[in-house]
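All chains are identified by letter, namely A, B, C, D, E and F, in their written order; residue positions are counted from 1 within each chain.
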Amino acid sequence: MLIKIINPNTTWAMTRRIGDCARAVAAAGTEISAVSPSMGPASIESHYDEALSVPGLLEEVERGEGEGADGYVIACFGDPGLDAARELASGPVVGIAEAAMHAASFLGRGFSVVTTLGRTRGRAWDLAAHYGFADRCRGVRACEVPVLELDEPGSGARELITAECRAALVEDQADVIVLGCAGMADLAAEISSVLGVPVIDGVAAATKMAESLVALGLRTSTWGEFAPPPAKQYVGLLSEFAVL
Amino acid sequence: MLIKIINPNTTWAMTRRIGDCARAVAAAGTEISAVSPSMGPASIESHYDEALSVPGLLEEVERGEGEGADGYVIACFGDPGLDAARELASGPVVGIAEAAMHAASFLGRGFSVVTTLGRTRGRAWDLAAHYGFADRCRGVRACEVPVLELDEPGSGARELITAECRAALVEDQADVIVLGCAGMADLAAEISSVLGVPVIDGVAAATKMAESLVALGLRTSTWGEFAPPPAKQYVGLLSEFAVL
Amino acid sequence: MLIKIINPNTTWAMTRRIGDCARAVAAAGTEISAVSPSMGPASIESHYDEALSVPGLLEEVERGEGEGADGYVIACFGDPGLDAARELASGPVVGIAEAAMHAASFLGRGFSVVTTLGRTRGRAWDLAAHYGFADRCRGVRACEVPVLELDEPGSGARELITAECRAALVEDQADVIVLGCAGMADLAAEISSVLGVPVIDGVAAATKMAESLVALGLRTSTWGEFAPPPAKQYVGLLSEFAVL
Amino acid sequence: MLIKIINPNTTWAMTRRIGDCARAVAAAGTEISAVSPSMGPASIESHYDEALSVPGLLEEVERGEGEGADGYVIACFGDPGLDAARELASGPVVGIAEAAMHAASFLGRGFSVVTTLGRTRGRAWDLAAHYGFADRCRGVRACEVPVLELDEPGSGARELITAECRAALVEDQADVIVLGCAGMADLAAEISSVLGVPVIDGVAAATKMAESLVALGLRTSTWGEFAPPPAKQYVGLLSEFAVL
Amino acid sequence: MLIKIINPNTTWAMTRRIGDCARAVAAAGTEISAVSPSMGPASIESHYDEALSVPGLLEEVERGEGEGADGYVIACFGDPGLDAARELASGPVVGIAEAAMHAASFLGRGFSVVTTLGRTRGRAWDLAAHYGFADRCRGVRACEVPVLELDEPGSGARELITAECRAALVEDQADVIVLGCAGMADLAAEISSVLGVPVIDGVAAATKMAESLVALGLRTSTWGEFAPPPAKQYVGLLSEFAVL
Amino acid sequence: MLIKIINPNTTWAMTRRIGDCARAVAAAGTEISAVSPSMGPASIESHYDEALSVPGLLEEVERGEGEGADGYVIACFGDPGLDAARELASGPVVGIAEAAMHAASFLGRGFSVVTTLGRTRGRAWDLAAHYGFADRCRGVRACEVPVLELDEPGSGARELITAECRAALVEDQADVIVLGCAGMADLAAEISSVLGVPVIDGVAAATKMAESLVALGLRTSTWGEFAPPPAKQYVGLLSEFAVL
């Protein structure tokens, strides 16, 4: 089984770490391909970045169909382009926020999301509501470390994130933590061991969810909304995206 | 006051009709500029089309800032790119679904949306829920006429749309109708006169809402989420979208 | 176009200020008539006051029909008598809480209301829920200054209100402020300039909304609920309110 | 214990039947006083009627305080003036829609309301939502018989109402029926026996609820919102309503 | 009228106090029978305890049918086995959380629950949501005193509970208090008199609600879900529970 | 990895089929143990049956801890005893309704449940609401075939279920089907192939979900509500369930 993980930003160092996190949980027999698109933003920290990450993401889904991908993971916590990707893909498509929030629901009464910049909290709340978790999501907290600095030695990110997770347990009455950025994937185990509660990395969760759906023989319904997009002419810079 | 109306599809014949509808309701002193983007789909009939209409739309907002636009209208019923546009624009940005649903709420107990293709109903429901109208939206009905055929003499669109509007009153217990496509803008008055209930065209409603917000001196809050996007490198086909 | 603004309390000094605020935003060609009823409470600070402000308000709507009013604004933040007024009026009727909350929804992710007395907060929450904004309303805060003292030099109202607005941004995670009393109409611009976020005065917002609906040719649906009230005998003190 | 039942319309024939229904369920030792106000509409069939029934209702609550009433029932299915009455009364105040919907919740999974005129359905839905029963209320159905004709021999009301109740069981998946008008109080037992499901008359339900709250020593909280209204000058026709 | 109150735990000292509280509010002519089951946990402080209290509870309902019980009260704040009991009983069945939350809704804008152990808060929230009071329930607070120590002289329970009730008024913006354990039944009057707000004991509230429903001639609907359970073979330790 | 699947009814023929369905989707290296409890009902068709299936289920969880189970599946669509089982188990516990509804959410816009008896629909709706899927659940339909007849040659179950699934697509606007009984596990593939939409069997879905959570190193949070139950004395028939 081939699961294609698309990191919608163009920072390959992050993409490689995402791929490693996915491979660490994949079943024997599951191949992981982790890629960044050929176009778009270096990181996703605004609605603008998110919207502009989608064309490159869709190009990779289209390419994945030729590569024989059985399922897809969108590895950005805003789940950009999820509905559009589902129209293109013949296998299931899973967002990391989506998978993480669903997983959290099996493990406790309520979760808080700990993310990077405060300005992205609105998107996390929108997704929680859209997926049905308006009540189970107890808080969305930001550590105010930019995405590409999460990994920098001097950023203090690890400590700041752990502190927000602890605050979520006490102040939000959460009993499960969801890490709100693909760049935090490698922190989940450590924070879980420090705090003694489940801490969910969306990349790992989405990988298992995509793998499970493929194993179950399930894919996106084509009854109506998510059928392949109708043929359409495209012009200008995006003319290559025309639907034939 | 300059209100820039962006039809996110690239069909200029439709754009011109949209501009005319806006001008018909604008106040004295309000200038309307109606444009299509330089790139993207000829019409928007899938999540895929919608996602790919956004780069061209954002390019037009960016350009509008140089043109002195005081406010913006996004003239596609899926309200594509609305959050991203709000980060870019110095004046208010209004979506036509957003404006139409808000207007409907002042006029009755519940509205139904009558739109083009059944596959777009999910998006309309998502927007209704997002804007707070999950309860007031009584139904989303499709006439199954493609967007670019709405205007064709033999399409029967007018009759099919009117029939769905009538069904909404009787079967959905709606008392207000929202037309769910910018391409239907010129039908509102006629259907209203046939059925005797308010029928709302989102283009006209959004034009007045944008104009009103400008007159009130109000614009999108920059307290957090909708502040201008942070500087960011972009690569590949979309490198021109970099934030400097 | 004639927009009739009814301040449901009988304090004409306040009514005159309300009229001035409305005129300041009205379009060229819009005439504003601002009145208080002939009967009822000097200010509205309880459910009791609110209920008893309605007969006088309805009398003014009835009178407005003879005066040629094209639309109406109810200028008390509890939106008293809104549904009943809609049955009487041939043009649209807009409440100031209603208009302010709707306007806020176009400008950010969530708003807080800052009002006069704590005992009126429940009504504001009821309205937010009724209009669909249970989620977008982040808080309702009171400065505990009685309505008729808002304007008194020594009341400290300006400072107390500004402090609550600031607290709303920080503690409620609101990014837009709604002023919760028609008597605060003239404070919006100043507080907005101090805090750097949109601050909405419902009188101005409702004036533009009523004006817009009239310009769009839209009025309350008469399909069922809001049709003119059926003929009815009235007795006693209220016998003049009989429906003929 | 004295329970004062206020029928907010001025049709004493109906008031007397309401009193009889209440007495039929009251405990030994509970005295029932059933009155109509001195002013207002002959029946309540619009938002306008409802708003104008409130002054007379409040006058009766005020008078009830002098009469030693221990609790109050508002016997119109729109529950007019309920919040205001709670500010005035020293004992609990119960609306008949409120009591009926609460009672229904103890008896099954979901209820439908069967009422008089279709135009009042919106109010019933508003109340269901306000009381927390948006999900449990499965439908609001109208038999289109005016309130004052319910009792007329040739009106066919009994058959029409029974037919709507039956339809509610089959089409709305309701398992409990709520009769949506105080004028239907004497039909509950018969329809229940015909259909074999609980049929709730709000007058009886509210009488028992008011009686229970009094027996429990409970009254409306005065912590904030429902404290007695602040002193206030009133002018004109309503000057007698001033709060001293 | 015979109301059978089943305390689902097996601590008869608590059961006797519960019976006394019920008798203190019952009408003349209402006989109260308060029992503990023959099997199950000494107190209910986990989902595990709650699930295992249900067989004994159902045995008592079955027995109550032979005893001529007209209605039932389940006297544990988790309302265990309520739906199952309704299938068995020929009269109405009322849970004490259910009755207390409903009663609170008649008395103010919002209530907080003050309960024993923090680990039971989730269940209280689930019940609030299930009954329709997700919005009216403002908080669920724990005093962290085990159920069977509530009555111990040195436990400080009275002071801890009162302190949480006071905090609920100030921090949760509640105006009514619901005591979240049958073992607190005798504290309601005292705390109410200290704080000056309604404090509701679910045992008393449920007793009056059951009594009222019986007086109204109402019982659980058998239209579908709550009809008597179908005949069924049971094996092993629970074989006596077979439905014949 | 050992996943223990507990069919809470005592019909071993059904349990064996459930085990086969689970093994068909389990990963290499996952061992499936499928059992029925030693006590309880032959099938679960009422709230009464469901409540009484829980003691035997909990006994099997307790036993599973000694057997080295890494995760658990509760294989009845009412998800009986789920919260209690989570307190006992050291690994994750997944209900089949829970897993099926979550899986459906990744595959389309809305699902309908097709179940056995109409009287169990209420429970399915309760679960959908509890898990966050009140909006995504478009309908719950019953084929009115008792659980233990699903497999009988002459029952016509296959045709009746398929017909309800088809009706769900057309009438409920569902695009995914959830089969609402563990006894339907072997029908999913066939109905999916007939209707061309995803059809989800909860047993398979829950097996993969439990397996995934174990692979991710995640288990129920013990931060508060789901910590092991406190020590407790039990008496009578259930004394063996005492917590030591």
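In this text, contacts are C-beta pairs under 8 Å (C-beta built on N, C-alpha and C of every residue); 3 or more make two chains touch, one makes a residue touch a chain.
Not measured: the values here are computed from a predicted model.
Across the assembly, the mean Cα position most removed from that of subunit E is the one of B. One of A-B, A-F or C-D repeats the interface of D-E: more than half of the contact pairs, counted by residue number, are shared by A-F.
Least-squares overlay of CA atoms from subunit B onto subunit E yields a rotation of 180° to the nearest 5. With centres defined as mean CA coordinates, subunit F is found 29 Å away from subunit E. We define each chain's centre as the mean of its Cα atoms; on that basis subunit A and subunit D are separated by 52 Å.
Each chain gets one centre point, the mean of its Cα atoms, and the points for subunit C and subunit E are 44 Å apart.
Looking at subunit C, one finds that residues 109, 121-122, 129, 134-135, 224-226 touch two or more other chains.
By the touch criterion given at the top, residues 25, 27-29, 92, 94, 98, 102-103, 105-109, 131-136, 169, 175-176, 189, 192, 196-198, 200, 204-205, 208-209, 211-213, 215-226 of subunit F touch subunit A in their complex. By the touch criterion given at the top, residues 10, 37-43, 45-52, 54-56, 58, 81, 83-84, 86-88, 118-122, 126, 129-130, 146, 224-227, 229-230, 232-239, 241, 243 of subunit F touch subunit E in their complex.
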